[in-house]
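Dropping the structures in below, format is structure tokens.
Each of the next two complexes has subunit A plus one more chain, namely subunit B in the first and subunit C in the second.
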Partner chain A sequence: MAGNDAFFDGFLDDYYAESEEHLTAAADTLLRLDKLIGQPAAERAAVDDLFRYFHTLKAISAMVELKPAEVLAHHLEHYLRAIRDGENALTAGGTDLLIEGTRRLEQIISAHRTQTALPAINDVVAGVASLIRVAARPAADSPERSSEDRRWICTFVPTKELLASGFGVDAIRKRLAEIGTIVDATPRVGPNATISFEFTLLVPYSVDVVQQLIDVPVTVQAETTVNAAVEGTALPIGSDASAPAASGTGTSLSHVVRVDLSRLDHLMQSVGDMVISRARLSDSLTRIERHVPAVEWRAVQENAVAIDRQLRMLRESIMRVRLVPVGEIFRRMPFVVRDLARENGKKVQLELRGQTTEIDKYLIERLMDPVLHLVRNAVSHGIEAPDVRLAEGKKPEGTITLTAAAVGDVVTLEVADDGRGVDVAAVVEKAREAGLTIPAGALDVSDILNILCAPGFSTKRETDRESGRGVGMAVVKETIEQLSGTVTLDTEPGQGTRYILQLPVTLAIADALIGRVGVESFAIPQGSVREVIDVPEADIRQLEQNEIAPYRDGALPIIRLARIFGIPDSPAGHVHVFVTGTGSNAVGIAVDRIVGQREIVVRTIADPLVRVDGVSGATDLGDGRVVLILDPAVLGRLARQRTPRAIGDAAAWGRLRAFK
Partner chain B sequence: MHTILVVDDSPTIRKMVRASLQAVPSAQFIEAPTGLEAIEQLAVARVDVIVLDLNMPDMHGIDVLKFVRRNSRYKHIPIVVLTTRGDDSSRKAAEEAGATSYLTKPFAPQVLSGTVQELLNATVDSGAQR
Partner chain C sequence: MSELETFIVMSVAGTAYALRSHQVQHMEMVEHVTQVPNAAPFVDGVVFSRGQVVPAINLRARFGFERAPYDVRTRLIVVSSSGRSVGLIADDGREFLRLPDAAITPPQDSLAGLSSRYVEGIASVNGRLILVLNLANLLEFSEPLVAV
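After this line comes the complex of A and B, so read on.
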């Protein structure tokens, strides 16, 4: 269709976004197919879905003139049509080919996007063609119906008002599908030309349908009492009722809006500016308070509090808009595990948990590679070969569990395997060979993690495909720390390995605790503070170059900001300590005074010249002064390196002050 | 003011259809991603022309066509079927079910807007009866 290219070029972003959705959905469905063998109704539904995904991919690829994608989608669709119509049976080889086809489509579209050479499709096309020629199978039997089910007729009459309040026919359909199986959906026209929809719903006898649908605007009848449908007599043409003014702009029924991420960033930045202005206003208000009569001051104060609350709500709403289910990261993993397990001759089952946990879109994009690396590691280094596992009394099939959970403002992602665990001796030997410094004495898990994450460390002698793509553990750790997160390791020889990534839900605006040292203020993200304690100076003991304080039957290393940053402190007989981190990563950050809790707008320090380890950014509390935001994870690590001067780099501190 | 109902499960195609029909003067658009929602729109809005995809989840375009043609209140509405090319049986089925016009994807924007414009003109010509 020559001549269209210019016209439809503007839709390429829509095309990429939509094809990604269909490809992801197709991949999900394909991976589910294995488990549906022996369930003809479910298998058929899955095949129908797949057919539609490829059908739509074919149509939209044709529109943007991406011929190879159109042709490939066409062949996949053709094969699925043959299966749907009972001319072909779905075989394991067929599923593999569909998976390969899906992946190839993904590659074609991504190559088109990056304007690189498109991969060939001949092999997949030929494979599909040969499958279709294979003998046909008899038509599948009709879907089983249980006598346990009762048929209900649910009637829905759409109106503008209902639609506006979220009760559209699609919402009704979805709700009904949650309660039972919709076997029929028919639109009807009644005597007054009113359109209604009749859904036939199969529901187990045990379910109280009427009660379930009490808040849904449908009438419910058991099937026997339903009257035959009446073909309507129309209203006189041109009567008022026939033209319920389709007002102004066109309405869209889709409840999803795609928004360019940069627009959301912009919105978030505006809210950030407002938070700062609000803090400034609050600061000014405090200064004029005594000049204002009490009665009027109260009104001002009430409004200020209201603005505070509304601003917080606005901020939270925008943050929610940016949140997407972490499932986006998880979805690619089954493919990776499947391929890699096959290549390495291992049997691996992947369990995904907490896929609906929501995190900032920004984080999703950056977490993909680290999680991918950890999963690859788990397959190639963690899980043992089936015979080894059997010899150790384990199931031949290893399990990798990916878990996401959100608690408060912190998201936790875990990649766990039940494999051989980290071989500490091998790690130490390898680290020595690589010339890395190894802490003396018994190593705990955080020491091992530090070695694994040291640049230049790799336990495999040759860089193999899966882990040798430049994204080593060092990069994993660096990425997570850039996102103000932490990595922890938990491993047990013979039992398995678990990597725990903890991150703030969103980065732009956060709640923080403000502490004061001498004349300087510091902000610490509230999510990383577990506890605030008071410690008398007398309880703090010197141990080599470190200071420790008694804490819950153990010892807590103390970091004094005053010393690290070379600020004159004002000794007061006791210090306030923010406890951050857990286990051997726990560390206390000591300040003179705690100012309180504030909402801070995080401005990261991008300039490498003024970047200092342990400081993640800066913020403005509203009084015009810039306050540094501390990164407890890095501070803790620096403290454990037993080189207090590492952050006490006077030159760096000087540059930071100049920056302020 | 002409209201055009664009029915397609692909948001990209709906956007492309709308863009192509920007050439039609004083057109406004309503969209529906499924057949059921297309019929719901007929109930709540006045529609002058329908651009209809055939292969959609939960209600096939042919069934939407049949529904509209069976009902005296809506049967006058011109329907442009816009479906993926290469399916000859569906052309026949669509014509039998009462499609006013049948176009295939990939489509040329000018052809679509020309077709819709023609159908709207014809409606205006016979508009005296309405």
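After this line comes the complex of A and C, so read on.
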């Protein structure tokens, strides 16, 4: 009955997913709670919600035998019940403990998932216990006092005899449902593999009444006495158990299906294969066009166009399935800001915008750390202390704004603060101390960002705890670039700092521009190309080992793919250039010929032998050949590093500026 | 009694090498190999194999010989080792061979210094020497190997 390992593993996945939902909901509610103190009705509703979340967490943790989570959830639930029943008032200290408890639960569950050591819970448990006024607890032996709903635990132990006389678990559940409201149903497996069912029943009567009313063999206890000794192991025992739990809580059925990400990946891959087949088909069609009568051809063409359209729709539908609200990243931030602000003696208000913006699940997981780092930076480096802010004529409370927005295939995440802005002089000084070379002359924001993101750079002398944690700006930039995204900086002294992350909404299929050099084709993500220009060879000037071309009213460094890839040039009097990047990161990628825009299926290049900088993946244009997908941001960086000047040889940059 | 095992025999610069057939995913004629800049020096580039992008190791270059142009006999042999799929480019590869374990002897000491890293055994078949490759080592070491 306990099920095999595979069953249990599947069950664990459900547990992780479900506990995450409840923890997130609890976290949201707790953060609201701060603002609700003094509004009894709203506060009571929030406490009720919290009670329910922890109650469920307790029950499901018991099912997977995650004892520490069960015990902790139990204590938090207990405290909330005391508040709900008016025996305790909710205090700021209590809210803090609940927040810490939620976080600890999250840690326990995540440690269980990764099979690492579980964090201790004693301090939180002790803290919660000290908050509850023991004397005020209603004893289970004074049930006649209760005139309103009370919770009772009805335990049913099925036996062959009982079953024979018609008392199956379903019959019991039905009978109990007639008497009161079943708010929970938990199957438990005892030490000798005995099975029992625990129904939590909400009934407006005393225990005697309940005993009289229930003409079925169950034992009845007031819930508090049972909870005081949570023990026994509980295992899932199939649909019998889950059905009442779902229907009993009275929650309406949600129209949400949980799908394993790998299944979606598989679907996506199939569509990817279809996109490739379609590309092959259109190639073949182009070849036979002149052999087919025009009338026939029109029909073929119409069908081909219809398939194109339908395939695109199919692809978009699947992509939409993979999308999750960016709120998943934002949700954790209020905790971080709250704690950090307190530690640093700052007042910070966090504003979240565009939480419903949807991005690929894959991106969500990878964006968490970079966004976390930017938010930490904003609190510890951006926002000033309240007295400083007052002296500057600002509100003592700083504001950090997290914004998400999607435009077309690009999602933009912004982390903005209204703090002191990046202190360029301090950054330059630190960079010098760290031995980094600094471009001469006036630095623009992209120069500053390059310095901030240089490996080994830190604006604080000692690596401070909150911004440290091994994730520097260098890692932020690297992560975003790996996701085919870009980081830009916008800062104004005294006004604030804004980091803008731009990423493709999804990665698996992308629109790309195809360029050709000699016999090789290359794909460049369309999102990263700002413009395509033709440059006469005569206009390209040699600047030491770099080539630059006039562009608008400035100069654009040119990277010749032929040179990088060691392909013989085919001089044609002019080159075609993809313009990518902005500011001092702008770079032009020169090819012999531009083939056009294609929808490409992005394949990863995983093998270490061929994983190289500047190539983000590979694709197939329909002829079975591998076409490399270039990463313009990294190529640009490589081109700058190829010469000893790295992020800026003063002389060269000076000359480049003079050239403008 | 010893078990018979199937090997795929290929030749590189005149020497016969054998791969255990369970390590070989498939073998095909070499078509277009896409060059990858800054890849390891003995890698010709990448090819698609069953939807995956796999590196193509030029065994001549790997063993320290001059590269030879691909011709109709050149084969791409896609092998798998500890979760990786890698293509090996050999001068040819057309022969299957069933050998008993006992027919394979460890490389002699005189060979050890040079090639024991990637040769795991030597088989003598009808007076012809065949070197059985240690695939894991062949794929693992990135420094150039010395020719036998």
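We adopt the following convention: the second predicted complex is superposed on the first by the 398 of 660 C-alpha atoms of A that agree within 3 Å, B and C clash if a C-alpha of one lies under 4 Å from a C-alpha of the other, contacts with A are read in each partner's own complex, and residues count from 1 in each chain.
Note that in this section contacts are C-beta pairs under 8 Å (C-beta built on N, C-alpha and C of every residue); 3 or more make two chains touch, one makes a residue touch a chain.
For clarity, every value in this text was computed on a predicted model and none was experimentally measured.
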- Message: Quick check for you: in the superposed arrangement, does A:15 touch first (subunit B), second (subunit C), both or neither?
- Response: first
Partner chain(s) touched by A:341 [first = subunit B, second = subunit C, both, neither]:
neither
Go through the superposed model and pick first if A:613 touches only subunit B, second if only subunit C, both, or neither.
second
Answer with first, second, both or neither: which of subunit B and subunit C does A:600 touch in the superposed model? neither
Max touched-residue count on subunit A (subunit B vs subunit C) belongs to chain B
Next on the checklist: I'd like to know which partner A:564 touches here: subunit B for first, subunit C for second, both or neither.
Outcome noted: second
Could you look at A:73 and tell me whether it touches subunit B, subunit C, both or neither (first, second, both, neither)? neither
So, in the complex, the side of subunit A touching subunit C is made of residues 269, 273, 520, 564-567, 603-607, 609-610, 612-615, 617-618, 620, 624-628
The subunit B residues in contact with subunit A across the complex are 3, 9-13, 15-16, 19-20, 28-34, 36-37, 39-47, 55, 57-59, 67, 70-73, 84-86, 105-109, 129-130
Per the touch rule above, subunit C residues touching subunit A in the complex are 31-32, 34-40, 43, 45-48, 51-55, 57, 84-86, 142
Note: in the complex, subunit A contacts subunit B through residues 1, 3-4, 7-8, 10-11, 14-15, 17-18, 52, 55-56, 58-60, 62-63, 65, 74, 158-160, 163, 168-170, 173, 185, 187, 189, 193-195, 197, 231-235, 237-238, 242-246, 248-254, 258
